[in-house]
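Right after this note come the structures.
Shared between the two complexes below is chain A, which pairs with chain B and chain C, respectively.
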Partner chain A sequence: MTSATKAKFKSLDAYKNAQGSFRFLPFKFIKLDNERYILTNIAGEFIVLDKFDFNKIRDRSLEMDSDLYHKLKSKHFIYDDSSTVAIDLLALKYRTKQSFLDGFTGLHMFVVTLRCDHSCPYCQVSRQNEDTEKFDMSEEDALKALLFTFKSPSPLIKIEFQGGESLLNFKLIQFIVLKAKEMNQSIGKQIQFVIATNLSPVNDEILDFCDEHEILISTSLDGPEFLHNKNRPKAGNDSYQRAIAGINFVKSKLGPDKVSALMTTSLESLKYPREIIDEYISQGFNAIFLRSLSPYGFAIKTKSFDMYNTDAWLDFYKTSLAYIIEINKNGYFFVEQYTALILQKMLTPFATGFVDLQSPSGIGISAIVFNYDGDVYASDESRMLAEMEDKSFRLGNLKENSYQEIITADILVDALQNTILEGVPMCSDCAFLPYCGSDPIYHAATQGDMIGHKAKSGFCKKNMGVFKHIIKLLEDDLEAREVMMRWIRV
Partner chain B sequence: MTDYLIQVDVSLFDAEVVKQVLYKFADQASFNLKDNQGILDIEVIPKDPVVFDFNQLKSVILDEIIDQDLRKTISQETNDLRNLIIAKAFASADLQ
Partner chain C sequence: MLKLYSKQIKTLTANSISEPLVVRLSSNHLLPIGLRRNDFFLITQSNIDKVPSGFKGYFIPEDLSLTLGEEFLADNVFTIPNDQEYLGDGDVIWFDPNSLNSRTIYRKNSKHNSLLVTERCNNYCLMCSQPPREINDSYIVEHILQAIPLMSHETNELGITGGEPTLLGEDLIKIIKASKIYLPETSLHMLSNGRNFADLEFAKKVASVAHPDFMIGIPLYSDINSIHDYVVQANGAFDETIRGILNLKSLNQLVELRVVIHKQTYARLPQLAEFITRNLLFIDHVALMGLEMTGFTRTNLDDLWIDPIEYQKELTEAVKIFARFKMNTLFIITNCV
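The block that comes next holds the complex of A and B.
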């Protein structure tokens, strides 16, 4: 062998042995169960190890020619002198994961009226008589809200009309859509409009306008007739019939992809996971979002901690997910959207833009709410609190405050500072940090403190349960893994 | 002093590590810590004595102290790297 060859190639021994010569990259870990650990790196890539292998990390007895060594190295949990690109690669992946911060506020919710034709017991927003127009947003405030909206640096602006029942003030929706388009002619942002409605007041005039301006419809469907009508009492007890008729009407006029449905999980809903999913399938939907119970009413009244229903909801979630996976295995493509969002966080380098699982919290910086009276809130949940006399998260008023004053309001800046998970007790060393987020409104409502004690937090318990369940399915159930992999959109 | 006592040798485990672990179990018990000549005495006061299982909680806490100690080691060893990765991620320099 020539000396030149020696200079090019190290001997095989150079790649073997050398126990302990590797170095850790930043990673966190947590027990998956009694036998296994989950390790996550700074970019959210994860690996599951049994105790035997984990202890090799603990006591640094990894052998450099072992599969485990190469696995940990390739997934950026360790590095050695033979690889110097890990840090640059991790930086790039981390940057991509944090890209949701780039655009700033994208979702702008306009509460065009508090009037509603329903009297749902779980509704957090004070319902008002349909004919009480003092609870409608004025054109003056709507214009100010639009000026505010277009000050956002985000290239993609989503304007969502909320209520009450938003269609009871359809004239203002028309006004806002037309004005937004007019104002955007010189600005050139990408705008999307969504009307959140129970579809009860929908008619040809409304849908013609939606068709002309490519407005999407987001409605509510809580499950089969008995459950939907129980959740959503209305004079005539016909909420379900109107919702289904409305969904079919929208599909026929605008197309099936222009309407989506959201469910609210009431305590009653927890008994009927299969029935709810079957209802969504029978209405032709290909997705459901299993939302957890909203704690606000309960928590506000009692000021108690919020663990009261987390176990029941987790059981509901697991049962529902198992059923949905079976449906997919039988050939019907149907997505559980909360799981799909988390899978995207776990298995892709991309950010999701999902406000509820962001660090810092997405309030204000990802979504903002203009209430009917011109008040500006950091999130939909913030205005729900406000309707219960807690205006802690009111950022200002369109008539009184500038964009700068509202977006730099002390309460918002404090909330953002306090919801960076790297600085939150328990979250800072939690392996699920790359997947999780912070909900200051939830914790303020349930614990009287926007950070909250995570050992007592239903938000933490719920998401820890969901993360572990998804990882167990990915690791232990090959068929479930194949189904869930098809849910990831990139 | 209650009947429920956990002892940790602080020459082996940092008191900060122990406190971080105890914080995680604040939903199950309150903890009163006393320095006992190099041994940390942890008096455990259950939140709900009816369902409280001391031996089970003690076992979990002791396991978690070992894990938390490793977390501290990894965090200390990788802190500079973490800062470097984040700085590179948000630097204007082209990483590609």
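The block that comes next holds the complex of A and C.
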């Protein structure tokens, strides 16, 4: 080829932005520490910049086509006249992130009984004497609840059996599962069943039924024996033994992937991060969900939610996470699920189906609760509050109200309006908005209104702390970053 | 390299074919008589003693024709030069008995049949392996539409390439439709820069053919528009390509992204991988490719050449990102760099 051919090609400079100016796309920022800022765009992509670079943006003294310029452009924080497709892509990503709203209510919780064989001081639902059948859900209400469930436009329906101890009313569980399947024959939704249980009443008959109908088991495991039994007092003081025996029983009959465990964090738990994680690993689990204690039910009555502050929980979280990351580095795959959910929000284009961190809140529109007496609540937390005589989040009753009346109840619409973070004071300016949510029931319970003053909110403090910690790990600890990247589900 | 055209064909006996034609070759002397009148018979060493009658025409290698006796009296016998002896049973060619030129369109025994549907292009890539020509080559479409019904049903994959195939507009849709109708078992793969799919109506027309197995391979060279535009030497190409991809995927059309790695693209490979996994995760396949030492690459070698060993770090990082997001990724490098 000749130099004449060569001359037909133009240089890179000929394709750069001729105008020499750029415009901002919507983004927010917050200090990460004294030296650095976190910037997030509306689709949740983030960049950490030192003060020096950040000031260049603030002063609009960015150099065109510098590395920083390209970084901001590639991640859709700025755009210029040479390309406008950033807006199309950002719109698409934003739509994807909000796609949890498409399906409407997926999770339907059936409180089949309030009876329980345990008497846990932090119990989030007031338990009743074990043989008082007036705290059982009736077949009539269960049928009405199913009709309600199938009115949801969601193609994926999850039915979760709750208590009390749900298995104390196993007959009703059987009734609901069989009825749901029968009704679904002409509807054709995808249905998944989960039984939340402490596993102490579990037996062959129950597990055979679970096997036949592909029902998953969700149980409680608070940590090693001394801690679990302290958290979960029961006649005979054998809660741990029964839970472990139950877990192994389920694994052997249904398979290890059919049982998961949830922990409740008590004041006592905070002292034993490593022991709790070791216990989960020795029971063969590959994941733990580090939960904080929520201020409902007996937890509020006994003021036990007041007994440790958010800082103490954050310390517990950070210590636990460091230990878990270490375990992963040493070759054992083990996920901290709260962190994994947040990583999914930060590092992937996907929406998460996590009710607690959504804007608007997932109450009613992602999850809904049918109480044993036919009352319908917007969330598990609302019915816990109701058991303490605060029925303000009761949406109606299956016997008295239609689907339309319940789903458009003033209290639900109000609560949803008050949890659209984009319009909530302090949240609307917060860089963590794309990752966060709002819990109207928590704020109503602790501050007397559904929005709450975020500076005084434990919910805000906790999540801010978690977000910052995760971003610091991603930025500063390459090995931790590698481990955490493996937790993302794609 | 096979020579896919010839100007060295000669007439051996009287020629009664007046028009150029797209024709299938057969070396099967037992071919049912009903099929013979449209095909050319390919005379080889092994069938020379049983050359059947009734074919539209006959090809015989030049060397072999010397052994032919006087008694072979069929019309329309042509000799083909040595470099065309690769032609085999089931191949489809275009042949002009007047100018005695031929072009091979399809080879039955090849796993890589690509139809070059136009030499025109709206990009002018620094490393183009098939430098575009601004010529009127609309006749090619007619040849291809005639050739497709003659191709074997057992063809695994058929490629469409250019130039830029979408410049054919409606004619491209005819080609895709013909493939679907005549070669329902054959995967179709088209190389396009994707820019014309920014026109949603055109994208819809292509997608509505509903070919059961049709992938469009589209190049994306950078997450930064000015770099991509520079590589393809066209202002605004990045935006059009991205919008084209979005349109195609909104219509559930299979799309493969193709990245050629060279001096202008290697440095931001990890950022491109991040960009793709965040913005275009719904893409069906990613192909990362080394330079091919043909076409414009030689012209622009100073601006393009980097030894693959020097971009290992960026390549590894990019592949890790794609793997993390479970994207199907392939790295292709030719042996002869």
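In this text, the second predicted complex is superposed on the first by the 458 of 490 C-alpha atoms of A that agree within 3 Å, B and C clash if a C-alpha of one lies under 4 Å from a C-alpha of the other, contacts with A are read in each partner's own complex, and residues count from 1 in each chain.
The criterion applied here is as follows: a contact is a pair of C-beta atoms (placed from the backbone, for glycine too) under 8 Å apart; a residue touches a chain by one contact, two chains touch by 3 or more.
What you see is a predicted model; the values in this text were computed from it and never measured.
Student: Give one of first, second, both or neither to describe whether A:Glu45 is in contact with chain B, with chain C, with both, or with none.
Tutor: Second partner only, chain C.
Student: With the two complexes superposed on chain A, say which partner A:Pro201 touches: chain B (first), chain C (second), both, or neither.
Tutor: In the superposed model, A:Pro201 contacts neither chain B nor chain C.
Student: Touching A:His70, do we find chain B (first), chain C (second), both, or neither?
Tutor: It touches chain C, and chain B stays clear.
Student: Could you say whether A:Pro224 touches chain B, chain C, both of them, or neither, answering first, second, both or neither?
Tutor: Neither chain B nor chain C is touched by A:Pro224.
Student: Going by the contact rule set out at the top, does A:Gly103 touch chain B (first), chain C (second), both, or neither?
Tutor: neither
Student: Counting residues of chain A touched by each partner, does chain B or chain C come out ahead?
Tutor: Greater contact footprint in residues on chain A: C.
Student: Applying the document's definition of touch, where does A:Ile488 land relative to chain B and chain C: first, second, both, or neither?
Tutor: second
Student: Can A:Tyr94 be said to touch chain B (first), chain C (second), both, or neither?
Tutor: The answer is first: A:Tyr94 touches chain B but not chain C.
Student: Based on the A-chain superposition described above, do chain B and chain C contact any of the same residues on chain A, and if so which?
Tutor: On chain A, the residues that contact chain B in one structure and chain C in the other are 88, 92.
Student: Would you tell me which residues of chain B are touching chain A in their complex?
Tutor: 20, 23-27, 67-68, 70-71, 74-75, 77-79, 81-82, 84-86, 88-90, 95-96
Student: Okay, in this complex, where on chain C does chain A touch?
Tutor: 124, 126, 223-227, 229-230, 233, 235, 238-239, 242-243, 246, 264, 268, 271, 274-275, 277-279, 281, 296, 298-300, 324-326
Student: Considering the complex alone, what residue numbers of chain A touch chain B?
Tutor: Residue positions touching the partner: 23-29, 31, 42, 58, 87-88, 90-92, 94-95, 98, 307, 425-426, 429, 453-456.
Student: In the complex formed with chain C, which residues of chain A make contact?
Tutor: On the chain A side, the touching residues are 1, 5-6, 8-12, 14-17, 45, 65, 70-71, 73-75, 82-85, 88-89, 92-93, 348-349, 485-486, 488, 490.
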